[in-house]
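The letters A, B, C and D name the chains in turn, as written, and every chain counts its residues from 1.
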Amino acid sequence: MLRYVAGRLVQAAVIVAIVATISFALIHVAPGDPFSAVLDNPNVSENVRATLRAQYGLDRPLPEQFVRYVGQLARGDLGWSFSHDRPVREVLASALPNTLLLMVIALVGSFALGILIALIQVARRGSAIDHTLSGISLFFFSMPDFWLAILALLAFTYWLPLFPVGGAVDPVMHEYMGLGGRILDRLRHLALPALTLTVLASPGVARYQRAALLDVLPADYIRTARLKGLTEREILRRHALRNALLPIISLLGLSFPALLTGAFFIEKIFAWPGMGLAVVNAIGTRDYPLVVGGVILGSIMVTVGSLLADLLYAWADPRLRAH
Amino acid sequence: MTAPLLSIHDLRTWFYTESGVARAVDGVSFDIGAGETVGIVGESGCGKSVTALSILRLIQPPGRIEAGSRIEFEGRDIVTLGDEEIRDIRGNRISMIFQEPMSALNPVFTVGDQVAEVARVHAGMSRRDAWERAVEMLALTGIPDAESRARQYPHQLSGGMRQRVLIAMALMMKPALVIADEPTTALDVTIQAQILDLLVDLQKRIGTSILMITHDLGVIAETTSRVIVMYAGEIVEQADVDELFAKPHHPYTEGLMHSMPHIGHDQERLNVIPGTVPAPTDWPHGCRFRDRCPYSWERCEQEHPPLYQVGVDHASRCHLAIEPERRNHPHPPLVVEEGVAAA
Amino acid sequence: MAALKRKLLLCVLLVFACVGTESPSGAPTGGTLVISTGADPDILMPSLLSSVLAAQITDLVYDRLAVIGDSLSILNDDGFTPRLADRWTWGADSLTIAFHIDPRAKWHDGKPVRSSDVRFTFQSSTDSTLGSQVKALLSNIDSVTTPDSATAVFWFHARTPQQFYDATFLMPIIPEHVWQGIALSAWRGSEQAKHPIGSGQYRFVRWVPRAAVELTADTANYRGAPRLNRVIWSIAPDFNTAVTRFLSGETDFFEQLRPENLPEVAKHPELRTKQYRGLGYIFAQFNLRDPANRARPHPIFGNRELRRALTMATDRSTMVRSVFDSLALPALGPTVRAYPTTDPNLPQIPFDLPRARQILDSLGWRDANGDGVRERNGRPLQFSIAVPGTSRGRVRLAVLLQEQLRQAGVKMDVEQLDLPVLIERLRKRAFDATIGAWNTQPSPGSVRGSWGTVGSRASSGTNYSSYENPVFDANVDSALSSFDLPARKAYFTKAYETIIQDAPAIWLAEPIPTVGYHSRLQLAHLRSDAYWAHIPEWWIPADKRIPRDNAPVATSTAQAESAGKKTP
Amino acid sequence: MLGQTQDFEPISPPRPRETPLALGVRRLLRGRSTRAALVVLGIIVLAGLLAPLIAPYDPSAQPDIVALKDLPPSFAHPFGTDPYSRDVLSRVLYGARLSLLIGVLATIVSLTLGVAYGAIAGYAGGLVDAVMMRVLDAFLSIPRLLLLIGVLVAWPRLSIGALVLFLGFTGWFGLSRIVRGQVLALKHAEFVTAARALGASRRRILLRHLLPNLVSPIVVAATLGVAHVIVLEAGLSYLGIGVPQPQASWGNIIQDGADQVATLWWMSLFPGLLMVFTVMTLNILGEALRDAYERRS
């Protein structure tokens, strides 16, 4: 187990190193020097330019620049965001909790919803309910993230104004609210983006879990359980789900990229102040250090996520736990 | 003779598949007496396992036990029982042992848990009592150090151990009938004998009946008192074990005998009988074995043979029973095995 | 204190009750104005800012010596009213103006405003280290002297009609004691540039990026407290969210409605719209010099006839109606109708597609290969027009223009760029064409920089087209040095006629700024250059207040500062 | 469905001369939803291909920029018009063309890379394989959209060809892992050993023996890959770094109307719906293909 963890950690480190290399290559191989916009912008102050030059050592030979760059990354220095006029790390650090909040809610919500749907489907497999739910799942599964978010925005803030438009809190009144009011305000703002991301992520879980359950059901041990005189319900809940949860833990790791991608669009469309919004806005302002910082951080999140999922898997599966 | 424990009458289990109705079991009738050991033997696809599963009503869609089939057990017809009642029989009055002890055990629970579960379901025992009972039972099946073994997961046990676990599970409630579906096929030769001995031994102690399903005539010879030979969804021959081995009547049984490997020689298919079992969606008219039969003649093509009585408690579904002289003129089988040309 | 507490408690209990208090002048005060906006300010420092929002905020926080009248006359001190300077005297030769600082004037941190602050403001604004965009406009001011702490004297190089305007309008006065310790090069990134301390009727409370900027009434102000207690800019991430917040009542005021918003606003009986005359115009501008070699004329746009043909091929009034509906008029030229010096009947190049085709034919641009695009000597009549992708109006105009020109056999590619990139290209004159927009100042003189030879030759000049015509320059100069309105108007008209006929740009649209506001809000005059100029006079009747009007107000400076520091 | 009874495998032995592909197709056509999906996809593809013939208007024509702009769906303009008075239906049809084309071309690029990389890694084995797989892990852990954003922001103003290449370059990681697994498994399969024993060259083994066995995972990956690329392209275009503006792709049309969703909802709804249907049918087909092949093996 310990060896396994160590191995996975090394692997994660290698991944981050490769991501760093890719991002370095992006910065330096790109034809339209990504910093020209900054370096020539009259509104960017001289010390920012100097910082940038120092950061990327733009006038040094490439290998030296690379060593410098990796060194800075290792220290957690992601450079200077000129559109925010703050270090990229600070920008991302202040945005990250919002993104994580959104992702965690959506993760928990979509897995709960997805597994529930799958259980209903499998309990009534072959029935009209099963087919209908499959169809609905597939429909939402095939939906581009941004499109569903646009529709949700349209439906629930314009046509049926149930939710406030954008942001994490009421920008004006939040400061003046009591504790209860603040919590309520946050929840009101959180509801629609979190729900949308949940709806986006659930079909994948439901489909995967349904398949996993159906994979498990023909298994001999399910027949054994049936043979023992267990009810279908007990079998589904006790024997099938428990086994089908293992693949779902793998799905947990696999779903991070999609969840993060979804969060990007959702943050953009619902103006949720997370790292997705920061990075997408940085596209518009050509704030290249921030974009690259977002890519690196996103990759780290995904790597860490899948690492956690793997560890969880190893812990949950008695066959692996022993080793 | 007292009333049999289990009495199957005209069992038909059909599967409604995309490529047609597969009549996997097609009119099977037989009895099992209390404490008796009956064997069903036949090639893959002959319907013996479906018969076993039908007895426990474990047929999953698209399979279905057809109306008119009757499976009488302890005075009740299993076919028409409610879900609740059938569940009460499963694992309690009738239990089953499978071929693959690894896959038949749930990998994420300890074996003790799985054995104990039976007692919890049927005897309503507490977790603790059930566990103790399970350990007892495991010990009874010859698992050394059962207490600690019970805390292990299936993957930590050897194949023979796992089979013992399954046997413990099956005998937990001292059922009236145990169905053993190829219980030794997946095991090492040396273990096979041990497991068979164990079964026979336990049967004697508990007094349960056994329905032994196998393709291995050696196992039949060793454990059973009466044999049913199945082919293409039907019983083709039925006799006491000694009678059958001494005087096989049906050409299929004959073929099986000829191809009988030495005990323990694991051979999945008895390839020596030329040809393969026809598709269950499309049983031939007349005798279903005729294409592979060295004696077949016109009658075999036109008339579906009934079960002829050919001796004391000995029946055979072969027209040779009424035209025995045909046995003197064997000919090569009509059909060359498919794929031979291509190979 | 206990009484205050009780009062606050009452506020909380009777949320809908109003707690209007009377100001010394007798006008009712109280209430919160929330303005919807779609972007953050860039920097809250008058000499460095470039965003309109930053100007709104700093104009309320900082004071000028005097403010321009609503007529926007820039002639001498006509119509100007006192602010930090309670009076002023002209020198005998009119080359000096002595401003007397209002003795009651205090900075928001409690320090008095002195003449040295005025001198400091001038000196820092004109120091090239700071890099203020105002510097170029202050070239006529030689220096500022301070004979005593209450008097600031401006010394001018030349007598011009807009001397007084230059001295007062261009420079909100900043406190020397706050800024003197910071190197000029560090101003831009300084904390002070995020937490302004001024002398205006509103003091700064907080700026939470991407959320809000809040100002509160400076109740002890030398000019009296403003009528609204608070002004808050609610910063939405984009235009649409800003509009939606306004429509939903989350905000009270939206500064620039688009035509498609009007029916939405009309659906809300409590919302109103109001138009005022703006000072902006939009145009499609050509580069008259070859981007590859500025010594040569542009291979396409170097030709005046061709440029005129392009204007002729453009149905400007239809385009304007398509994009802006009733919220803009076709532009007259490099000017706006709000100037008293602008003749609204300036002769235009008419829309005449057949004639445009004829001209292009006669210039040798013909479609020989039948692909719909004219060519000459093997070179197709094709160019790309750069537009800022974030400006929807300009993108729309470009796409419409693309189709119009296609009908004349001209292939125009639309290239959407990010604003900083675009500005950079314009600065380097590395472009074929662009859709530009100028928001001009009250003085029509800015046309010198944007279309005159000065703006073409100077390295920081904004005459991106490199349009150079001595006739135009001479007429503009004459106009600017003339003290007589009819004469000024005549000179400007000549200058405009010249440039219109030279067609260095297709003059597209002059937007009519349209604000949306909640009917409970009582607006004052919306001044053309700055609708917000009179915000201190806006008010909300006591019977129309809603809970947020009565939210407790940050009162002391200390509180304001700590609130400000909380912002990350 | 007969998995319940192990005894019961050979229902109908495969017809000897049928290729895996033909078998797959035959299996595929059995499902009702699969047939429906094929029909819908066929219609969409056909509509895209025939866009010039069936589009009611020129997708870039601006017939009347004042009177005909921003029209909601009507008989004359079933999908409404955009702010330039262009017919949205016509644009969506042309958009189908472009979006599908990008999807297919990018997927071809991905397939080529994925198969090559996976086959090499699997065939080489050992250290080469280990290194190649670690590199692959790194690529797999970068969310594709993020990677593309990073690339496309660095390379502004890309042509569609370059966009296709980048979409292709970022889409092969998953497939190459599958291919590598298959190659690894097949490498030691008897028929390959036999071929090697008979002196077949490495190239011949790869091409004649391994590739045909990779057909099924490739076909499945291709189907799902096209769906994925379509969604990605739309997302990037929506962010303004995908297909450059004058051309209509589904993402672009949605982006055109994105800043007026409330008033121009038809500009988001119709291209989006069409996209959902396309992706949905591709998903159905991909899965049906997978089922068909998996059941065979």
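What we mean here is this: a contact is a pair of C-beta atoms (placed from the backbone, for glycine too) under 8 Å apart; a residue touches a chain by one contact, two chains touch by 3 or more.
Everything quoted here is computed from the prediction, not taken from an experiment.
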By C-alpha centres, the chain nearest the middle of everything shown is A
Farthest chain from subunit C by C-alpha centroid distance is chain B
A student comparing A-D to C-D should find more C-beta pairs in contact for A-D
Whole-Å distance, C-alpha centre of subunit A to that of subunit D, is 23
Distance between the CA centroids of subunit B and subunit D (whole Å) is 49
Distance between the CA centroids of subunit A and subunit B (whole Å) is 53
Two or more other chains are touched by the subunit C residues 238, 244, 389
Where subunit A touches two or more other chains simultaneously, the residues are 158, 223, 284, 286
Note: subunit D residues in touch with at least two other chains are 4, 157, 240, 261-262
Subunit C contacts subunit A in the complex at 32, 34, 42, 50, 131, 185-186, 188-189, 206, 208-212, 214, 232, 234-238, 241, 244-245, 248, 250-251, 389-390, 418, 420-421, 423-424, 427, 548, 551-552, 568
In the complex, subunit D touches subunit A at residues 3-4, 134-135, 137-139, 141-147, 149-151, 153-157, 227, 231, 234-235, 238-241, 254, 258, 261-262, 265, 268-269, 272, 275-277, 279-280, 283-284
Within their complex, subunit A touches subunit C through residues 36-37, 40-43, 45-48, 84-85, 90, 94, 157-158, 161, 164-167, 169-173, 175-176, 271, 273, 277, 281, 284-286
Residue positions on subunit A within touch of subunit D in the complex are 11, 14-15, 17-19, 22-23, 26-27, 29-32, 34, 138-139, 141-147, 150-151, 153-154, 158, 218, 223, 256-258, 260-261, 264-265, 268, 279-280, 283-284, 286, 288, 291-292, 294-295, 298-299, 302-303, 306
The residues of subunit B that touch subunit A in their complex are 56, 58, 61, 83, 87-92, 95-96, 98, 100, 103-109, 114, 117-118, 121-122, 153, 155-156, 166, 169
